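Labels for the chains are A, B, C, D, E and F, by order of writing; each one numbers its residues from 1.
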Amino acid sequence: MDERILYPSFCGINTFLRAPYVKLDEIKEGDYVVSGVPYDVTIGTRPGPRYAPNAIREETRHFIYHLCAIDGEVIDVCTKKRMLAPPKEIVKDIGDIRVYPTDVCKTTDSVASTISKIVEKGATPVTLGGDHYVAYPVVKGFEDGFKKRMGRPVKIGYIHVDSHMDMYDENDTWGKYYQGSPARRISEFESVDLKNMVFVGLNGTTGVEGYDYAVNGGATLYTIDDIRREGIAEIMEKAIAIASKGCDTVYVTIDIDVLDNAFGCGTGCYVFGGITSVELLEIGSILGKAPIIGGVDMVEVSPPCDTTGSTTRLAASTLINFLKPRIFEFR
Amino acid sequence: MDERILYPSFCGINTFLRAPYVKLDEIKEGDYVVSGVPYDVTIGTRPGPRYAPNAIREETRHFIYHLCAIDGEVIDVCTKKRMLAPPKEIVKDIGDIRVYPTDVCKTTDSVASTISKIVEKGATPVTLGGDHYVAYPVVKGFEDGFKKRMGRPVKIGYIHVDSHMDMYDENDTWGKYYQGSPARRISEFESVDLKNMVFVGLNGTTGVEGYDYAVNGGATLYTIDDIRREGIAEIMEKAIAIASKGCDTVYVTIDIDVLDNAFGCGTGCYVFGGITSVELLEIGSILGKAPIIGGVDMVEVSPPCDTTGSTTRLAASTLINFLKPRIFEFR
Amino acid sequence: MDERILYPSFCGINTFLRAPYVKLDEIKEGDYVVSGVPYDVTIGTRPGPRYAPNAIREETRHFIYHLCAIDGEVIDVCTKKRMLAPPKEIVKDIGDIRVYPTDVCKTTDSVASTISKIVEKGATPVTLGGDHYVAYPVVKGFEDGFKKRMGRPVKIGYIHVDSHMDMYDENDTWGKYYQGSPARRISEFESVDLKNMVFVGLNGTTGVEGYDYAVNGGATLYTIDDIRREGIAEIMEKAIAIASKGCDTVYVTIDIDVLDNAFGCGTGCYVFGGITSVELLEIGSILGKAPIIGGVDMVEVSPPCDTTGSTTRLAASTLINFLKPRIFEFR
Amino acid sequence: MDERILYPSFCGINTFLRAPYVKLDEIKEGDYVVSGVPYDVTIGTRPGPRYAPNAIREETRHFIYHLCAIDGEVIDVCTKKRMLAPPKEIVKDIGDIRVYPTDVCKTTDSVASTISKIVEKGATPVTLGGDHYVAYPVVKGFEDGFKKRMGRPVKIGYIHVDSHMDMYDENDTWGKYYQGSPARRISEFESVDLKNMVFVGLNGTTGVEGYDYAVNGGATLYTIDDIRREGIAEIMEKAIAIASKGCDTVYVTIDIDVLDNAFGCGTGCYVFGGITSVELLEIGSILGKAPIIGGVDMVEVSPPCDTTGSTTRLAASTLINFLKPRIFEFR
Amino acid sequence: MDERILYPSFCGINTFLRAPYVKLDEIKEGDYVVSGVPYDVTIGTRPGPRYAPNAIREETRHFIYHLCAIDGEVIDVCTKKRMLAPPKEIVKDIGDIRVYPTDVCKTTDSVASTISKIVEKGATPVTLGGDHYVAYPVVKGFEDGFKKRMGRPVKIGYIHVDSHMDMYDENDTWGKYYQGSPARRISEFESVDLKNMVFVGLNGTTGVEGYDYAVNGGATLYTIDDIRREGIAEIMEKAIAIASKGCDTVYVTIDIDVLDNAFGCGTGCYVFGGITSVELLEIGSILGKAPIIGGVDMVEVSPPCDTTGSTTRLAASTLINFLKPRIFEFR
Amino acid sequence: MDERILYPSFCGINTFLRAPYVKLDEIKEGDYVVSGVPYDVTIGTRPGPRYAPNAIREETRHFIYHLCAIDGEVIDVCTKKRMLAPPKEIVKDIGDIRVYPTDVCKTTDSVASTISKIVEKGATPVTLGGDHYVAYPVVKGFEDGFKKRMGRPVKIGYIHVDSHMDMYDENDTWGKYYQGSPARRISEFESVDLKNMVFVGLNGTTGVEGYDYAVNGGATLYTIDDIRREGIAEIMEKAIAIASKGCDTVYVTIDIDVLDNAFGCGTGCYVFGGITSVELLEIGSILGKAPIIGGVDMVEVSPPCDTTGSTTRLAASTLINFLKPRIFEFR
């Protein structure tokens, strides 16, 4: 164990959970590969998510103590489950993927090709956005890498946790590739069928064109009212089942603005009446326990809007909840 | 449609929902007239609400996209109701009403006469405070304009959404006209009967003199405990019924400090244990659907205290929820 | 009544609830003695609680108006209980206790001896931390003073309201005396039995060594899941009963990080999924009504992290809820 | 005089110096036309200048009192010159020009065509950036409009006040059109000769390719050392003379990062050792008095970096110094 | 020596230089009496100075160590003068004077009568504003107390250190008693002759009515250009000489906005091109050494604008420079 | 060249100038070794410097573009010197050195032994504090490593750039090892003679005991008045000459509070009347050109106080000025 894992939280070069900072070719099968996509020129509201990758990394240092710096065992006080600490050394941080702020296409290629290589090696990408546009190149790379790994056509399910559908086709200011369209673009992938696309946390109003396109194509929409009625656990289980149906793997994108803004001020495209911090944490845990989930991202965290830091912390906590069942050995 | 409505949220001169910026004499019957009263010298705690009118206007730009910049239709994902977009061009912004920081009486006259003119024309005033004192001149003008419009004595109901009663008669430091007394002053109007005054969201302690005056006079008091027990929808329906009884119209004043401070840090006179963001949004929606409501204000939003911006956003969202059923055409 | 109690909240030299600023030897039996321990070098996360004593004092000024500056009576709008205002003059502020940032032992002695003198006189210490380490010297002084006052060995119960157990024995960086160990150190006191130690609000993971030590020794652990299941009132009543069993008095330490971070961003060692603001207020009220509680502290409030100010306000509100039943006369 | 000009600085809808908010076709010959270009995706450092147009407008309200709200005369206490107040009604605000964050070319066309129309009418554009890239489309439109107005080929001088030359030809990440290249692109215009391009305030290091291109082509470079040696007034007079030589008009672009960062923290691409606030003000005044100057912009002001607000205030003050000799009548 | 003077700067109840917090009747002849006037409703720009008294007090704690907590001697490293430490116990803090935000006249009386009592006892008032309006009631009380002490009519000189003259007679929004008029009102006092009124640091434009009134009445005006030409020391010596001429005492009011805003962002009514921090410090020192100066205030410090804290620190430093030659014993 | 050096400044894992992040045993002779000492419990004022190492690293990314990401040449526009870019690969970042907040001695050993190993290898330590206490363990390690490298007793000169002497022997609260004593402790080293200790930038008052000790022992003191009189370049040349006299090497410690607080708000122990940003930059450049300087540190930068970020930027700029003549090849 590198002694530097023992340092107090305010010390040390900043990587995700103090994971080793490696190059792409050092990735191995079974790894969980954290990368950042500091890109937000495609955001319709306030810029900021470009700062999220390093901000989320920084908040993970808070977890070092209980999760990584103890040599022996930790216990979850609620479930009373015991986990061997520190976790398996399968989390790697490759830093940020190169972006081109004035060239959306070049950025798309850069991100997609990096993610493709990670997935082709049999590793799981854990991607830190960026605005929600980045889900498009990430899933593009995910599809490409997965096909290469399998050596055959694949079927990919998709869960979109968000207050918004992001199903616009084109926008007068932003064009076809921006924060409002990733789900639409992904729905056009050959490996993705609208019937395996599930939206969780929808809230507010949206344009009817994209809405009708999704509903008529067979997508499943869970609104915040559905969550209030059935509970987040129930909804997530259904979402995983529908997204998995007939698929090789499922990709999950989490837009932090699914939170009620009073629970997470640090995002540009705000909503009130969304889910709570407890519910988001539970989404992380449930996804972590579902082996079919092959990739995840956390987008739209905006440190300049996050004046309390609480949203960034919650994003880090949610990703760690996702990783916990996968990187720890339980007894 | 003015092309400027298509601009991203960080662009453009700042009016409420990008409504036209007009002079008082351009107001027409049926309009919803937004004005600001940037006044807070009557606040007992920390100054700040003088900045609220422009701050709330700024946050409404966030809604431009889904509500105004789409040519066709939008859908509410929860209710599945479809609305024609953009809304009817009946929202107008007259900017701020003149105030005199060192002269409370002159400010009272300035505000009251402006609101009176709006109401006399048959338009609905949507007023952005300011501290809660401004409700007094606003309701004064509301009464005056309504009498002129009707050409006869009128009866006005009054709903006070607030953690506090604001029923003090006089204060040793502030005198008779300040943040703590508007409901008392309004109770003295000839058109207002204590039996039509309803308080929603009361919480904490208050002086007994004002409390006894209100209760003995027949006012209705719904505390936060009542809301916890019966639900906000039920309480609001009752409040509207009681305030409307025998009245021509009902005026509603919303003090943002009715929120639990953890849900809305941006106000000076804080309370914990108040309502949540979801409940405040619902108040806005319920009021919007009640045609008897003839005027509304939002007070005590304090941008300097609102370090996350979340409270100002929620104030804007609540007012838009009030306006939605009134300015959109549904199909 | 000192006229200065009438001043608006932004005026005046800053003491707790504008209590008189006195020296230790002016304390009398029955007093509630506020002191600050601006110490945080023992914090494993971000420094900040050293600023909490003055920040909490400052927020208490908000309560002056309804609680202190009225000559007559105030009423609680929910319970409809009437209290004589202003309160009895038994709250005193002795300012801050001397600390030695580079010398933990000397600080321990300084704090313990001051608290001991307060308790020996028959007064109740209300201590403003500081990080959670300060609970150790405070309870040490509490035990010592209480023994002196009684002139015999005593039995002290202990309630630890916190997301964390703070039961570590030793840490590689911080040693034996730091934020993570106060409950362990207190468990070693002669007057304290693990069977009278109750933890309320536990959440997340912890090292097994301390956990097993506590559980095997007979300590009671209430997790956030227990609170969700049974309600905070029920849990607190049980906690008081268990801590009181066979004891002369009970000491309560409240670590503000028991809150979900979305309800209280202003603390260094954050947790999501903790209790809400309403629940913390209720803890304050329940403790205030239990005469066996002989001392209380509020720790880990971190003003530099508290960018909204809301956490500091809630800390002040909770302590005032504790004091209300003790310093007011009800009718 | 619109009464709204009398309002305190914290009131009112926000336009530049409370100028009328007009549409492009209301512009007249002789007007000073303020517009914003809220664009910063072409910035290599931290986004922020997209917020500058409204932030600069807001700071101009500070000047309302002494400059606009007095009916009669004001006096400059240092020069003892008397000016008739309020100023001539020739300042107009057309709001912001439409931008396309993900499409640099479309933005270029939008900005250039708007500025062209202003200049063609014989008005003077006063443009609020945006990052320094926006100088390229602005000068492009300036050239186009000026040619149309004159009905013949023209010669345009160019003064670039900046710590940086912005003479890069192409960048690996940003391409040819970004913050680092506007002077290069402008040097390629048919109406602009490198011999009439003057740089004022250069500081630090730069790539040799662009440097040699400029120097070899005959551009004039005044570094901060030249300013320290000769004084800003002397340097500016020389700069105007060189830029004017044989030209019909001169365009001036001011990059706020010409300031030492200690005098202006609110910009992304910081420099220490730059000019002081007093020197920047003097640049504004000297330019205002030179009738050959036909257009000016202020770029790289970054409100999110400007935590003190002082940089934005200084930008507003400098532009007002430019306008003063042109919009006031002196006696 | 109270041990509390040894505390680190982040500890302890907050008084000016940790002076004793006393009541008005404990003041003795020869004392330096600090009081706050937390009043800013008379400010034409942004509210904030109401927070200055406590903020300035807080910054004085920084000086405790070198000035107060050493038992023996300190040395000024530049002048090599040695001073006996701690200083004489003649600094007293009476807290804040009562203010009435909605009643300017009542506030005037409250402030004037308190200052009068201080001066009547032969003590020197050191007053912490508040906006510049507070200079009016302070000087009113100063005149009254001084007359009572002397038992005869008196002559008072007045030095106004400010970028602005504050010589307006009446303002359409604010009336006769506000931030822009204190020098005008003071010029009307019977003990004050315009020929003994000196303005130091004037900058920018002002209305001609007040300007002509002052100049024609014989007031002396030193602009920033005069300071640049002659040096601040020379100007201050002249100012003291003119103000003293034929007078019993001289009162000095210091408006912090005399600073260039780049040297002091923390004030509402900003100016660029003003004096530097070094020059303001020198003003404090020079005044301290002139025994004729019988009272001083520091106004317009605005903590909410002072995001760096630097302006408040400089205000504290300047006042301490004023006090140093008066409260220390030199060897 | 690692492609990651081309990334925009907001991307990438954060090391000093994007230097390789290496372990101690990868250091080679001739390297410049950056390390952080995130320690500030020994600070008498406000905590914060523990955050400086990462904050300074982050600001160095700003320089990547002109200094590192260009393949070829850059030119200094003032001196017209051309440098080959990118620089030689001799800058290395070893991250932070382990610290023990509650154990000053253990921290001292940890820091000293790390620095010793760097120096023993023939590399130059560039250390990022931490408060000024850290200069003591750093110079201790510097002496030790240098002796080991030379294999004989050595003589070390010492330049202390600071507003303060830091020559206290012992303090009642902090003891012998804290922010106020490093120069005293260093003066006791066997390799350091007071006659080779030079202080640059002294300002304000200090206790006489330390002052007399230094002066009587032969130390050289340059105050801010000396700098104003002779210029910073002259003073620095003298300082280097005196510190070098008869010495093998010279160590330089730079306390950022040598700046006037208006030029650098981001430090805890503030001074007004200190040096300017231009002067500090010049200190960096002069030191870089003096080959005798064998080690340097930058201390007391406090990011939580540095609300503008400007102080941290200036610290980074100054260190880069030190490195420039040493890591670049000039033509």
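One rule holds in what follows: contacts are C-beta pairs under 8 Å (C-beta built on N, C-alpha and C of every residue); 3 or more make two chains touch, one makes a residue touch a chain.
Composition by chain, UniProt nomenclature: A, B, C, D, E, F = Agmatinase family protein.
Remember, it's a predicted structure, so these values are computed and weren't measured experimentally.
K.L.:
Shortest hop count from chain A to chain E along touching chains?
P.N.:
Steps on the shortest route: 2.
K.L.:
Determine the set of chains touching chain B that also touch chain D.
P.N.:
A, E
K.L.:
Report the inter-chain centroid distance for chain D and chain F in whole angstrom, where each centroid is the mean of the CA atoms.
P.N.:
For chain D versus chain F, the centre distance works out to 39 Å.
K.L.:
Taking the mean of the CA coordinates per chain, how far is chain C from chain F in Å?
P.N.:
Chain C and chain F have C-alpha centres separated by 42 Å.
K.L.:
What are the residues of chain E that contact at least two other chains?
P.N.:
6-8, 10, 50, 98, 101, 173, 262, 307-308
K.L.:
Determine the shape of the graph in which chains are vertices and touching pairs are edges (line, ring, star, complete, other).
P.N.:
Here the contact pattern is something else, fitting no line, ring, star or complete shape.
K.L.:
Name the touching chain pairs, please: which are they?
P.N.:
Listed in label order, the chain pairs in contact are A-B, A-C, A-D, A-F, B-C, B-D, B-E, C-E, C-F, D-E, D-F, E-F.
K.L.:
Which residues of chain F touch chain A in the complex?
P.N.:
Result: residues 3-4, 6-8, 10-15, 21, 36, 38, 50-51, 53-54, 93, 95-96, 98-99, 101 of chain F touch chain A.
K.L.:
Taking the touch rule as given, give the residues of chain D at its contact with chain A in the complex, in rising order.
P.N.:
40-42, 47, 50, 98-104, 173-175, 177-178, 304
K.L.:
Taking the touch rule as given, give the residues of chain F at its contact with chain E in the complex, in rising order.
P.N.:
44-46, 165, 172-173, 202-209, 211, 221, 223-225, 260-262, 265, 269-270, 272-273, 305, 307-308
K.L.:
Taking the complex as given, what residues does chain A use to touch chain C?
P.N.:
6-10, 62, 65-67, 69-70, 72-78, 82-83, 85, 262-264, 276-278, 281, 307-310, 313-314, 317
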